[in-house]
Structure formats: structure tokens, C-alpha cells
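A single structure is presented below for examination.
Order of writing sets the chain letters: A, B, C, D, E and F. Residues in each chain are counted from 1.
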Amino acid sequence: MESYTVCQLQKDMRFEGFLLIRSADKRKDSKGSDYVDMNLSDRTGEINCKIWNWNPDDEVPESGQPIKVRGTIQEYNGRLQLRVEKWRLCTEADEVDMNALVSCAPRKPEDMLQQIHEAIESFRNEDLKKLTLGMLKIAGDRLRWFPAAQRMHHAERSGLLHHTTDMLRLAESLLTVYPWLNRDLLLAGVIIHDLGKIDEMKSDMTGNVTDYTMDGQLLGHLVRGITNLNKAAEETGVTGECVVLLEHMLLSHHGESEYGSPKPPMFAEAEALHWIDIMDARMNTMKAVTDKTPAGAFSEKIFSLDRRVYHPLMHSSEFGSQNSEL
Amino acid sequence: MESYTVCQLQKDMRFEGFLLIRSADKRKDSKGSDYVDMNLSDRTGEINCKIWNWNPDDEVPESGQPIKVRGTIQEYNGRLQLRVEKWRLCTEADEVDMNALVSCAPRKPEDMLQQIHEAIESFRNEDLKKLTLGMLKIAGDRLRWFPAAQRMHHAERSGLLHHTTDMLRLAESLLTVYPWLNRDLLLAGVIIHDLGKIDEMKSDMTGNVTDYTMDGQLLGHLVRGITNLNKAAEETGVTGECVVLLEHMLLSHHGESEYGSPKPPMFAEAEALHWIDIMDARMNTMKAVTDKTPAGAFSEKIFSLDRRVYHPLMHSSEFGSQNSEL
Amino acid sequence: MESYTVCQLQKDMRFEGFLLIRSADKRKDSKGSDYVDMNLSDRTGEINCKIWNWNPDDEVPESGQPIKVRGTIQEYNGRLQLRVEKWRLCTEADEVDMNALVSCAPRKPEDMLQQIHEAIESFRNEDLKKLTLGMLKIAGDRLRWFPAAQRMHHAERSGLLHHTTDMLRLAESLLTVYPWLNRDLLLAGVIIHDLGKIDEMKSDMTGNVTDYTMDGQLLGHLVRGITNLNKAAEETGVTGECVVLLEHMLLSHHGESEYGSPKPPMFAEAEALHWIDIMDARMNTMKAVTDKTPAGAFSEKIFSLDRRVYHPLMHSSEFGSQNSEL
Amino acid sequence: MESYTVCQLQKDMRFEGFLLIRSADKRKDSKGSDYVDMNLSDRTGEINCKIWNWNPDDEVPESGQPIKVRGTIQEYNGRLQLRVEKWRLCTEADEVDMNALVSCAPRKPEDMLQQIHEAIESFRNEDLKKLTLGMLKIAGDRLRWFPAAQRMHHAERSGLLHHTTDMLRLAESLLTVYPWLNRDLLLAGVIIHDLGKIDEMKSDMTGNVTDYTMDGQLLGHLVRGITNLNKAAEETGVTGECVVLLEHMLLSHHGESEYGSPKPPMFAEAEALHWIDIMDARMNTMKAVTDKTPAGAFSEKIFSLDRRVYHPLMHSSEFGSQNSEL
Amino acid sequence: MESYTVCQLQKDMRFEGFLLIRSADKRKDSKGSDYVDMNLSDRTGEINCKIWNWNPDDEVPESGQPIKVRGTIQEYNGRLQLRVEKWRLCTEADEVDMNALVSCAPRKPEDMLQQIHEAIESFRNEDLKKLTLGMLKIAGDRLRWFPAAQRMHHAERSGLLHHTTDMLRLAESLLTVYPWLNRDLLLAGVIIHDLGKIDEMKSDMTGNVTDYTMDGQLLGHLVRGITNLNKAAEETGVTGECVVLLEHMLLSHHGESEYGSPKPPMFAEAEALHWIDIMDARMNTMKAVTDKTPAGAFSEKIFSLDRRVYHPLMHSSEFGSQNSEL
Amino acid sequence: MESYTVCQLQKDMRFEGFLLIRSADKRKDSKGSDYVDMNLSDRTGEINCKIWNWNPDDEVPESGQPIKVRGTIQEYNGRLQLRVEKWRLCTEADEVDMNALVSCAPRKPEDMLQQIHEAIESFRNEDLKKLTLGMLKIAGDRLRWFPAAQRMHHAERSGLLHHTTDMLRLAESLLTVYPWLNRDLLLAGVIIHDLGKIDEMKSDMTGNVTDYTMDGQLLGHLVRGITNLNKAAEETGVTGECVVLLEHMLLSHHGESEYGSPKPPMFAEAEALHWIDIMDARMNTMKAVTDKTPAGAFSEKIFSLDRRVYHPLMHSSEFGSQNSEL
């Protein structure tokens, strides 16, 4: 059976493949039997299906999981629907290409985590090493798939790792231009700066943020990051200047009170962290908007940038594409 | 004769060495003869001298030039004064170390200019190559010693080249993280973005800005940069998208109307240019303030940053200095 | 045949008269033949028509042109449609009253242009005369029908001339109160201040702005005005203070960076130009809102003014109307 | 005896002429006798004098009055002093040229008042005529010499009349460009808009403001103007729309809450009043700064304008001066 | 007959009870007879009814009045409608519970007015007593049911009294903490601070604000409050400091020009009034939002607060409810 | 011996009494012997003294301590100096009236601490009781004399307790007007809201703040308060909603990001805390300024209020003083 994306589906087609559970609710049909109403999606669209005669004892699957499904496309009240013949939750063995189902970071979580651990390994300062590892431990497994934001930049599966590792690369290049910066401090700041987001937002495994947590609403990821850092310090027994420097880097990395930082960056590594953060966020947004805009045209006004964005013809000309093989 | 800096001079010392002319004015003594009142300086301070019996036909030397001078230190009305016995303007042959006389960029102008020309040579886009070279030609020889600002960041001899070449290095590293950016466009933007400053400020050869020009006051370096670019385009015969893209990069590189850019950056390379510019300016300021502040202490409030700056102890600790050998 | 406006049309009426092409697109009917779908309008409304059996070799007429059309009003799917029996593009000979078709300036373009040329003729300063004429030449023929804005003030056919000539009258009166102002400089500033708008916006001949140009988006009319002025200066060979003064007047006429001027007005004529500009824009807006609001009532909140506007009863009272005969 | 200005006085000169009392305080000399210490001034400077053996029953003259004085210039403790031989307060008969003593409006108060009364006479609306005359009556005699401000624009004797009458001329010209405005309403607004300043500031007869009044501090001239208008309305028996329209014009003439107007101008005449007011204030400031700045140079930064001001060479060139004979 | 609220009504139910007229318009049925189309409401919802065969000579009742009505619920075009059998306007004798029909202050207007009068009675300063009573007299009978705002805080029947009397209680407690404040002045300020709202808004007897008045639009309640105070002063013959102090309290009670006060509070009682006002407004809003939000959840973003609001679980826990019996 | 304040001292007077050590530095006299140079003060002024022949082994006393001193007033180089005959540090037994030496809170620290502990005792919620006591324990003994600020409001010995206890009284009154607020939560918030200031500023025992701490500069008292709260929670084992609610109250009590709170108050008790805090700060400032300003006059412009302050005559009139006996 040929493989289709959701946006290619038409009435009477047969479908077999992997889709993501967006929502799943148990309901009762007109005869009083249980059925489950599910919305399934890949990156191109969403389709509804009903799984009739649900065993009342079975648990309804959580949203955010990939399933394997087979069935036929039908039309009901003018909208397409998938009549499910067979389905099951996916396992590791399926080697599902999550990237086909949701927007994902361009690299595997494992690779990105390894890059982070290699950076930490290279620290000369043992205290910063301990604190940074302590923060990763508190962040836990969710870091693998957590996005960096609900909307805006890096709103994708593993977006937080994507953002962090691109910033690591920016930080490393910065150190070659400004070698007087303390390397360990800057890299530690980069690695931990957004880990508090894991406590700030509710995200399913697809990197889809449904809401903010109570901590996120009442405190935000800057302050929750600091209290996590205090835990890490206590557990590792680290004290002294490096703790308060990292606390300050967490607190000040948004740069201004207007953007949530009650203190502006007050030493060079904190200042550098702030600009690396904003630069990576902006370049990520710019790329996303440019990709969606035809060459030679302007986008609509982009809310988060408060401007329209132009996609230069030069990007796709013979001499403009010289970097694309990199 | 031992060599002293100006701040080491005391009454009755003998002095012989290179100093810079800060000001030189012809006056008449009580007998009606001409003399010249000069203020001379090195990086550590300033001292006054009078050159009596000036030949009325001789031209008074311009400020900003180094001279070789010999004489004795005297005290007059409680202030030290140099009684000049012999002096002459310096020549190339003197190989004066300008860095001892004024704050200078850490690299030689020749080296920095070469770096810029190598970058231009590497462009694949011939139009951008022509426009960038055209802009350098308009900037002319003053680029060698022009500062980047009157106060604030890179306010030093050859500061404009210093700022530009550090930004070039930042831009090159950025291209490894975001290879989809157009390399030629970004580098061209970096090279020309502040060349309009040469028309905006009046600077002597020591990089000391005495005032803004009429163009600087009424138009500013962003707009004067654009009109220079138009000249370069006309002279080189280049037309099309790349001209208006560079015009926009000049116009938008301050990022917001509040900071002088009537348009915000509207494509990715313009956005990148803006952040590279601000990052280099800030890191330069941060380094200057940190260097002046003892480790473990806070600076006074820095006007241009609107905050105090902390010099981390970690910078000078065993493990903090790992980058200093770079 | 009686003449109707579009808003008076009803089913089964016969119509013959002049209408404006708002849009015209060639399509294929169910049999594969070409037809043209047009929207036609006058000041009171818009009606759709189809011109069947279009000769595929004929060019589809551009929007913004007046046509003469005859036909019957029909109803299709609940909306009125004009079944066209005969039509042709208008010629000069038709002496179409554009004011019936679109919002127009209250005076003829020819008269307003003549007023401008008479003002220039009266200059004593030959350089300002040359520069101003040079700018008019660059603006070209589109000045005749260009509006002053897409929305807001003077958004009408020939609105740019309307705005400019009212400002000329304001400037002349100002000179009687402040005779120490340089007349030629102020009038030259008024005449050229918005000419850059012709490069900033895309407008059809009805004064309807459909979008901003690439220059408009990336540079704006202030900066494009300056580069045009540079062209005019080069072509006329004018140099010196008057060029940079006019450049500054173009750049600063929005008054503040918040409104797009990176420099505030820095000499008296530039300051005067700014206030004359804002006063004429505001009075034009006020008149338009007042005209639409019943006497004794408040308008809705006007977005561009951020307030509601009151139409005084006094305007229409016996003693309030004393100026209306002027 | 030749006539000198204060700045021309030197030791041992004889002086006879008119000066202004800046301050006058009764004190006791070393023998316990009363004397009066006075500071006297003309437009060019200030000189101290003592009047010995003051009759304790005589009233000390108020500051702000012109006196006729004769005496000799002496030096005391390095400062010049006038030893007074004879003095008296001036009378009408002296026909003192106040303009030689303090900064004055360029026209006589009588002429300006007459211009205002002629404007009122020309109103067709009897209610507005009554209200405006009622406001002038409340303002009273101090209007003749009251300045328009303590610093800033029109800070001169009779500056309030100067400002008002120049605005009247602006308003009249405006009416020729926008004849649909209600003439009486606009002129009435101009005449009364700043009369509340007489209750807001304390000024002596030279137009020198020493402080703000309690009303000025706690309410300001906008609100005190309104309560005065209410008095005028009650005394003249005028009611209806024209009262609230004038109240609004008083309240809104500063344009924005940031500048003290809780309501923005909400009808056309109120809007026009606001711009006429700001234009006249700005042109007056611009003239004062330009006059003090050499042609071809920039002023220092002007606090109230937040910018430096350029004095164009063109102002004094052959063709630039064409308006000066007006 | 059982009593239902509007939201409980279903097809075929019988209804008898009190409802409020929201709107009432006379129309003609298909036979040309008059009928009245009314919308009736209680606090829970709104229902439409038609009263057929209306006597053309009868006046249509004003909106805002309670009526007694009997009829049957029908369904028409999918919406419920009340077929009226009998109705009449209510009288005092009905003792209608307005609180069931619209949002009302929690206390009776009579009780609140009495609290205000008792406060005034307790003044030692006779002038403040006279002025405050004079202001209440000008406010008149509408004070009984006037709301404090159209939306936002205390937008309810008698909301102005509710707001004022809660502020009186806050002021009394404040005086125990800061006994150096002048009690009479603070209480007088509280009582009169918002009385100008009665002239600013149009409200029916249910406390429903339909629009702003001309005075409200052009002057606002701060300034109209001041001109009312001037009337009260003239009628009572009170002059002196206490008048201008109260004028200032009216003018400054919004605290900043941004919120409509051209002068900030400049003495202690004015400052206290401002904070009491804002505190009561905010606590009222907070209560309303908290009541509508389930415990343990966040509200939607509240426009007037620019934030989401959390309803603490603690409010309803065993130990959190300790104040609720007060 | 009569007792004098420092400002009453004159040459040759004898002095015996308590003074405060402002600074004390060991120096060497011309013979190489040690002496101590001290500045001593009471509330009225400061005087210098030298204690000759200092035993090199004795420790120099810390600033901020009261001493008992006896000696004679001498004049040296035109300035008064105290020649010390005898001195010793004070002990408890001296019962020094600190209020005569420095600006102090009007109540004793013991009384204020007792008020706080009684409030905590009255909590029904045991968790809040534990957390609040835990925070007091972390604050430790310095709370007894810590000021609330370096300048601005409550900059006095024990000013933090003064501010806290006045706020407690405000909170209690508030609870009578808004009984639906959770009493324990609000009072706990009041008690802990500023305790982080003890870690933010360096203060000696007189309540004189000399600088900010590293924590204060880099994190501020809001964030340090939160990390202290986390410690208290861990030590007391309290978890759950009440911890995050108190964290939020600490974080949000400045109300807006502009004033240092990254989150605005998001539940009713947090909102109330914010307004109680600002009200107490403002009333304290208002009282201080009013006390220094003569009745009937305006103060200079007060920087922290950005306005001048008026001292009403009414405060001191017969009827204005009615509260002063409270």
C-alpha cells in the first residue's frame, strides 16, 4: 500500500501507516456502547476517527503518542474520516520517524545530549561541572523531547536541546573572538539557562505545549531555574561565587525587566549569554519565516517580530547558495 | 636618558621622547613676540609647554601629530611645565609607538585592512564585491585611524577597523551555525555598516573625536552611508536587489527607531548584522569596564550600560584563566 | 436612460454609464471558453460582471481605468450582477468625471501643479529652484494622480498634490507671521517633502494604494526622497549647504524617531515644515470625520487619532457657517 | 551726561538714567541706622547700590519697578557699586523705554490688546463674544505685562499678549485654508487659552516669574482657566454648547495627557488651537536660539527642544534675506 | 406557580414573576397593527416577548424598569419566547428584589447614604461639612442607583455608593495607622471624589451605563467634579484653602497624567485618597474574578488587569475560610 | 554637667555624654605613635576627635556603636574638635537612648517583634505558621535594627520592623473591609515580604546602609527572599500550594516588571500585599516631607515622588488637629 500524508487523503482511499494521537476521548454511541473519538495527525494535517465498541476496561491512550493504524477514508457530513480497521500503539521496534509526524529538531536528541555532555566534560572548573550536571539531573528525561517554547522560536520536539546546542556552538565561536571570557562559566550558563522551562510549561512527548504550569504562571522559568540551581548546589555541596554567578545568569538572561529579568546582565559572561540567546532565537524565527515566504516576496506581518520579513532573491541565486552545502 | 611617561614627570627632571600634540596656539608674549602654547600628551597624562620666539612665518603644527621633544620639567604657578630645548615633528623613520601615546586598536591598521580585503576577495557575488570596494574607496585613507565612536565602545585609534574586523570574525562563526545565510551579503554588510561614521565625526589622526560634522548632525552615519552607497553603485554600475538590500542593512543596523533606525531589520542577514554589531559593541565595553574594576568588586554605575558591572573572581582564578593563552 | 449610481441599482434595471475597473481576471467557463470576470465601481459601491466569449488574444484591461458600459442588472445567488451588452475603455474625449467614480482632491491636478510651479518660479535662490524642479522631474507623471496615503489623510486621487498645495498655502501664511524664515527653503521643503511616496507605494490611477513597494518596505519615503534628491543635485550640479538642508528637511519632517525621523528638525524651516505637515494631515482627517458625523454627535473611536470626534452643532448654526461662503 | 548701559559701567564713571529694581531690602548699618540695599538692572546687567539713612517710615519700593537714579560708580571688594546721589520712582511722564530694561514683546501692549478686541468685535456669535470679554475682564490689568512662561517661549514682558496675538494671526491664515472651521470658536479659543496663566504664576511687572502660585501648583492654568470660564459664563448668563466647547478647548490645548491635557482635542477647532499653540511656541523658541547662534554653526543642546539647533548660512545670504523687509 | 430564573426556562413552561425591561420598541405586524417587541431579563439571562395589539396611544415603557409578567414559554425559530398573557409596570408595593434582576451593591442605598451622612456629621470642620453636603445635593437622587463604572469595578446598581462606602471604611482604618492625617479632609475627599461620574455617564435605574455624556466625553468626571465643587462653594459661601485642597483631591485622585490626572497628589490626604481608591477598585475586581474562577484554577486573561488570576485552593480549605463568618 | 546636642557645641565647652561612632581609623602621629581618628555623631551633627597614644594591641572599635565620652571642645583649622579625656564603649546598663543618636523607628524593636509573633500565633494554618517562623529564623538578629531602605521610606534604625508592623495594622483593617481574603496568607505575606533586604544591603547597627551586598546587586531581595523561603520550607518540611503562593507574593510585591517584579500579583492576597506595601511606603515619605515643610508652603521637588509636596495649613488649625491626640 502506497504511503500518503494526511493532506493527500481523499474519499475511498486506503490508508496504513503511523499517525500521532492528538486527542482521544471515550464516549457512548446511541446504543449506549463505548467508543473512542480520536484525532490523528502527521505534520501535514489532522483526521478524525471513531473506534467503535471500545472495551470499557481498556484505558484510553494518552495524546502525544504515535500509533500504527489501518483503514479506509470515508466522508461524513462533508468532512473526511478514517474508518479504523486495525490499530496499535507503536513500540521502539517501529522506529517511527517522529519528524514525519511533528515538527522536530533537525538532530537526534541523543546526539545533542552527547554534545552537551562533552562540553561539560571539558570544563576545568569542577564546581561548575557539578552544578551543570546537577541541573541536567533535575531536568530529567523530559529534556529529550521538550520544546523551547509554545509558539515563537524552536516550538518543536526537542526544541530546547536544539536551541541549547546551537547556542553552545555560538558560545564556542564567541570565545575565539573574546578569549578573555571565562569559558566554563559561559558554557555552563548556556546549558542551564532555559532548563526551568521544563517546570514552566506542560508539553506532551511531541513537543506540543498545551498550557503553562502553576509554577510557570506564578514564578516563571527564570525563578524556578534559580530554585532548581539551589537544589543542585545543596545536593553537590558546591558553594561560593560560582553559585551566585549562575543564579544571576539565569535571572538576567532576558536582558531587561521589560522582558522578565529584574536584573540586567552585570558581568561579561552574563551579557554574552543574553545576546547569544536572543541571536539564536531570532535567527531561528527568521529562518522559519523566510522558508515560508517565496523568494522576492514579503511575509505578512510577523507578530513576534512586529514587522514583515523579506526573502531575498539572492538566497536562491547561483552565488547566494554557496553556504548551502555546509 | 631614561624614558618617562607623563604621569611620572617631576620638577627638575630631564625629558626626551615622543609626545602627541593635543593643541597648539600661537600667542604674543609681553614684549610682543610670537610664541606657541602647546599641550602635549601620552596615554598617561598631559603637560603644557611654551615654545618662545616663534618665527611668525612658520606654520603652527596641527594637533594630533606626534613630535620628538627634549627639555626640562619646571613648575609654574603650581603646575608642571616642560621647558622645550629642542623639538621636531616625527617622521615615518621614528617608528613612533602610537600605542604609547593614545589608546589604539590591538592590531595594526594594515593587518586589519588586509583581513577586510581578503574577505572581499572571497566573495562569489561580483556585484557585492564591487559595491564593498567602492565604499572602501569613498571612505579613503582616514579609515586607517578612525575610531568607532567619540565615547562608548572602540573609542580608540583605528577603532573602526577594530570593530569591523572583530565583527567579521563573529560573522564567519555565525555562518557555521546558520549556513543558510548568504555569506557575501552578511560580510558586505559588516564591512560597510559603519563607514558613514567617517563623514559623521571629526577625528584627528589619534582617533580623538572633537565634534560631529554638519552631515553627522543633520543626517547621521546611517543616511550618509546610504548616499555614499548610491555613489558607489553609480560608479561601479551595479544595480538591482543587492543595492537595496545593502541600503536596508545600513539603515536598519541599529535595530529600532529608538536607536536611530527608521526600519527594523527585515531579512535574515540584516537581522544578523544588527546583533553582531550590538554584541561586539557590548563585549568591548564590558572588557574595558572589567579591566578597570578590581576582581571581586563592582564598578560604579556605567552610563552607557545603565548598570554597575561585576568583575568575577573566577576570571583570575586558576581555572578561570584557561582562555587567556589564546 | 436615466443615470444611476451603483448603490441605486436594483434587479432588472437598465444601466449605461462610466464605471471604474477594480479588478479584471480572465477565466474559463464550463465549456472551456475564456471569459473575463470584472468588478466595477463608482464612489457609491461595486458590482460584478462577466464578459463572456473573450477573445483569447485580447489583453485583459488593467484595473484602475474607467470604462463605458451598458447592460442589465440581474440577480445571481442573491447578489446583483451586471449583464454587459457593450463596453469600451474611456478616452480623453469622454471627459469622465473621475470624482463620481473615486474620491478625488477638490481641485484639478493641472491647477495644483500650476500653483506649485508658480511657487518655484518665485524663488530667488536659483539652486533651490533647480533642486525642486529636479525632484518634480524624478517624480514624473504619476504625481498627477498619486494619493498622499493608503488610508489616513488625503487617501484620494491626487491627494499628494492636494496635501502639498494646502501646505504651500499654510507656509505662505506662516511667512507673514514669521518673516525671518527663509521663504525659498521652506517652500522647497514643502514641495519635495512627500515626493518619495511615489516610490514607496503602488497606486493605480484612481489613487488606490494596493501595497507598498520593495523600496517602500525596506527604506521608506524619507530615505528614498533623499536618494532622489542626491540624483537631482547631481543632474543639476547643485552643491553646498542647500543640498544638506533639504536632505535634513526630508529626513526630519516626521519630527521624531518614533514616527520615522531619525533626526528631529534642527533648524527653523525644518521645524516649520514638520508642523505644517502634521497640521494639514490632521485638519484633513478632522474634516473627513466631522463630515461623516451628524451635528451634535460623537463619531466612533477613530483609529488614527485614538479618540472620538465631536461635530459641533455650532458648525451648522446661523452664526457658525460664516466661513462657508469662502 | 552720556547714557551708558549697565555692562558698560566702569569705576569712577558718572551715571544718570533709568534702571529697574530687581530687589530692595531694608537693613541696618553698623551704627544701627536703616539703609536699603538694592539691586538695579537693565537688559545688559545688574549693579548693587545702598541708599543710606533710610527714613524708617518710608516704604521700601517693590521690585519690578523702574526708577530714575543718579550717582557715581565705585568699586567695593572688587565689585562695582553705584553710590546713589538722587533717585525717584518713575512716572508715566518719564515714558520709560521698558524694552531697554527688560526683554519685552516687540509690540506695545496697547496695540496687542486692541488687536484682540477688534477680533472679538468681529465675532458674529454673541455668546462667544460675551464669554471672551468676560474672560478678559477676569484676567484684568496684569494681562498687559504678563509673560507667557517662566522660561521657554515668550518669557518676556507682555509675552502672553505676544503669544496670543501671533496665534491670532496664525488662526486667521488657517481659516483661509480651512474655511469650514468656525471662525468665532477658533479665535475665542486662541484668546482665552492661556489666560489662566495669570493665576498660575507670580510675575512682577517686568514679566519676571518668581514662582508658581498655590493654584498653579495644585491645579494648573488649564483647570483654573475652566473655573474662570464658569465664572464668566455665570456672570454673562451664557449657557449651552459654546460653554462646554470652550471648556474643552482650554482643557485639551496641550494635546496629550503627557503634556497636561486629560482629554485630547475632540473637535476640529480644538485640534487647530492645539497645533497653532505648539507652532507659535516652537517658532518663538527657534528664533531665539537661532539669533543667539552664529550663522553656519550649531547651538549647544537646547533643553526644551532636546536637540542642537543649526543657524543656516542661507538666512543671511543675499537670497536668504528676502523676507526680512516684511 | 413555582418561580424560575430566566436560565431555567424551557418550552411549554408557565412563568409568572418580575423581569426587567432591557429594550422595548413599537413595531407593526403584517396586518399593520402595532405591537411592542421587548427584551426582558433577570440576572441569569434574557428572553424576548411580543405584546400584540398595542394601543397606539399608549406610551412604550422605558428600559430599565421592572415589570410583573405572566405567560407561557414558546419556541420560535429555535429560540425561546415568552407569550405574554398579562403584564404591568411594578410599583413600590411590589417590593421587587432588584438584586434578583440585576447586579446590585450588597447593601441597600439607604444604609449606604446614611453611613455617608453620619461621616459628614462627625466632621469638626464646618466648611468641609458644607462643601461635602453641597456636592451631595448637586449629585441628587441619581446617586442612589448610579454605578461606579460602565465595566470594570463596581459596575452594578448603586455601585458608586458601594465604592464610596467601602472607601470610607478603608479611610477610617487608615486614620488609626496614620493619625496625623486630617480626618475631615480625607473623608470629604473620599465622599466627593467620584460624584462627577453622575454627569459623566448615562445610566438607567438598573445601573446599566449605555454611553458617556457630552460632558463626560469632553471634560471627564474629574473636571466636572471641580466645576460642581465651585458651584457648591459659591452656594455655601465657603472660600479659602479647603476649597482648593478639595479641587486638587478631585483632580489628582487618578494619580498620574497617564490615568487622567494632570497633577499628581501633592499633599498627604490626596495621596491617601488615591491609594484607597485604587485599592478598593482592585479588590472589587479581584473578588469578581476569583468568584468566577474554580478554586485551584487560573482565569482567562483579564483585560483590565492585564493578567490571569489564580483562585487559591486555600480560600476554600478548612483553615482558609476563617474569615468567611465575618 | 548640662547635656548638649552636637549642633549646640561651641569652643571651650565641656562635653560628657553618649555619641555614636561613625568611623574610626588607626593612624600614626608625627612621632610614630598610634592614634585613632574618630568621627562621632548624634542626630543633630558630627564632630571629629583624636584618641592619642593608642595601645597598638587594642582593637579599633567598629562604627555604628554608641560610646560614652568626656572632653573639651577645641577649634582646629577653623573646625570644632573634641579633645577626649575619657571614653568607653556603652553597655546595656547605660540604657542609651538610640533615638537621640540616630533616626529610629517610633517603637521599640521588642514591641514590634512581639506584635509580629502574636500575629503568627493567631494563624490557623499551621504550614503558614511554620514557614513564617522559619523565615524569621533565617533573618536572625539583624532584623532588630535593620532599616527598610538606604534612602526613601523608613530609612531609619529598625525601619524594617516599623514598615512591617504598620503594614500588619493596615492588613488587619483591610480584612474587616474584605473579609473574603485569607487572613493567614495575607499576614504571612506582609511579615516575610521584605526580609530578603537583610541579605540585600549592608547596614550597621544604627540602620545606616553603606552599600548593597553582592547578593543584593546580582539578585535583589525579591529573589533572595524566595531562595530563603525554599530553605525554610525544606527545614520545616512544608510543601504544597502555600509555598508557591508565598513565593509568588515575594516575587510580585513590587507590582510591575518596571519596579522589579517579573510577575504581577495574580491572586487577591498578593494584590492586597502590593498595595499595602506601596501605601505604607508613600505615607511614610509624605509624613517625613510634610514634617520638614512649613505649614502653608511647598517643599522642593522630592526626587522619589517626582513632585513638590504641600503642607496644608489645615493640618495645624484648630479643627485639623483632631486626630493628633490619638
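The working rule: a residue touches a chain if its C-beta (ideal position, glycine included) is under 8 Å from a C-beta of that chain, and two chains touch if they have at least 3 such contacts.
Computed from a predicted structure; not experimentally measured.
Chemist: Quick one: which chains contact chain B and chain C both?
Modeler: In this structure, the chains that contact chain C and also chain B are A, D.
Chemist: Out of curiosity, which chains are bumping into both chain C and chain F?
Modeler: A, B, D, E
Chemist: Which pair, C-E or A-F, has more C-beta contacts?
Modeler: A-F
Chemist: So which chain is the furthest away from chain E, centre to centre on CA atoms?
Modeler: Here the answer is chain B, farthest from chain E.
Chemist: What's the rotation, in steps of 5°, that superposes chain A's Cα atoms on chain E?
Modeler: For the C-alpha superposition of chain A onto chain E, the angle is 120 degrees.
Chemist: Over half of the residue-numbered contact pairs in common: that is the test. Which of A-C, A-E or A-F passes it against B-C?
Modeler: A-F
Chemist: If you average the CA atoms of chain C and of chain D, how far apart do the two points sit, in angstrom?
Modeler: From the centre of chain C to the centre of chain D is 43 Å.
Chemist: Between chain A and chain D, what is the separation of their C-alpha centroids in Å?
Modeler: 67
Chemist: At what distance in angstrom does the C-alpha mean of chain F lie from that of chain B?
Modeler: A distance of 49 Å separates the two centres.
Chemist: Return the residues of chain F touching two or more other chains; collapse runs of consecutive numbers into ranges.
Modeler: Only 214, 217-218, 245, 266, 298, 308, 310 qualify.
Chemist: For this entry, which pairs of chains touch?
Modeler: Pairwise, the chains that meet the contact rule are A-B, A-C, A-E, A-F, B-C, B-D, B-F, C-D, C-E, D-E, D-F, E-F.
Chemist: So in the complex, the part of chain C that touches chain E is made up of which residues?
Modeler: Counting only chain C, the residues touching chain E are 298, 308, 310.
Chemist: In the complex of these two chains, what residues of chain B are touching chain C?
Modeler: The contact residues of chain B facing chain C are 214-215, 217-220, 222-223, 226-227, 230, 244-245, 247-248, 251, 257-258, 260-263, 266.
Chemist: Note which residues of chain A are touching chain B in the complex, please.
Modeler: 124-126, 166, 169-170, 173-185, 241-242, 245, 264, 266-269, 271-272, 275, 278-280, 282-283, 286-287, 290, 298, 305-315, 319-320, 322-324, 326
Chemist: Mind listing the chain C positions that touch chain A in their complex?
Modeler: 214, 217-218
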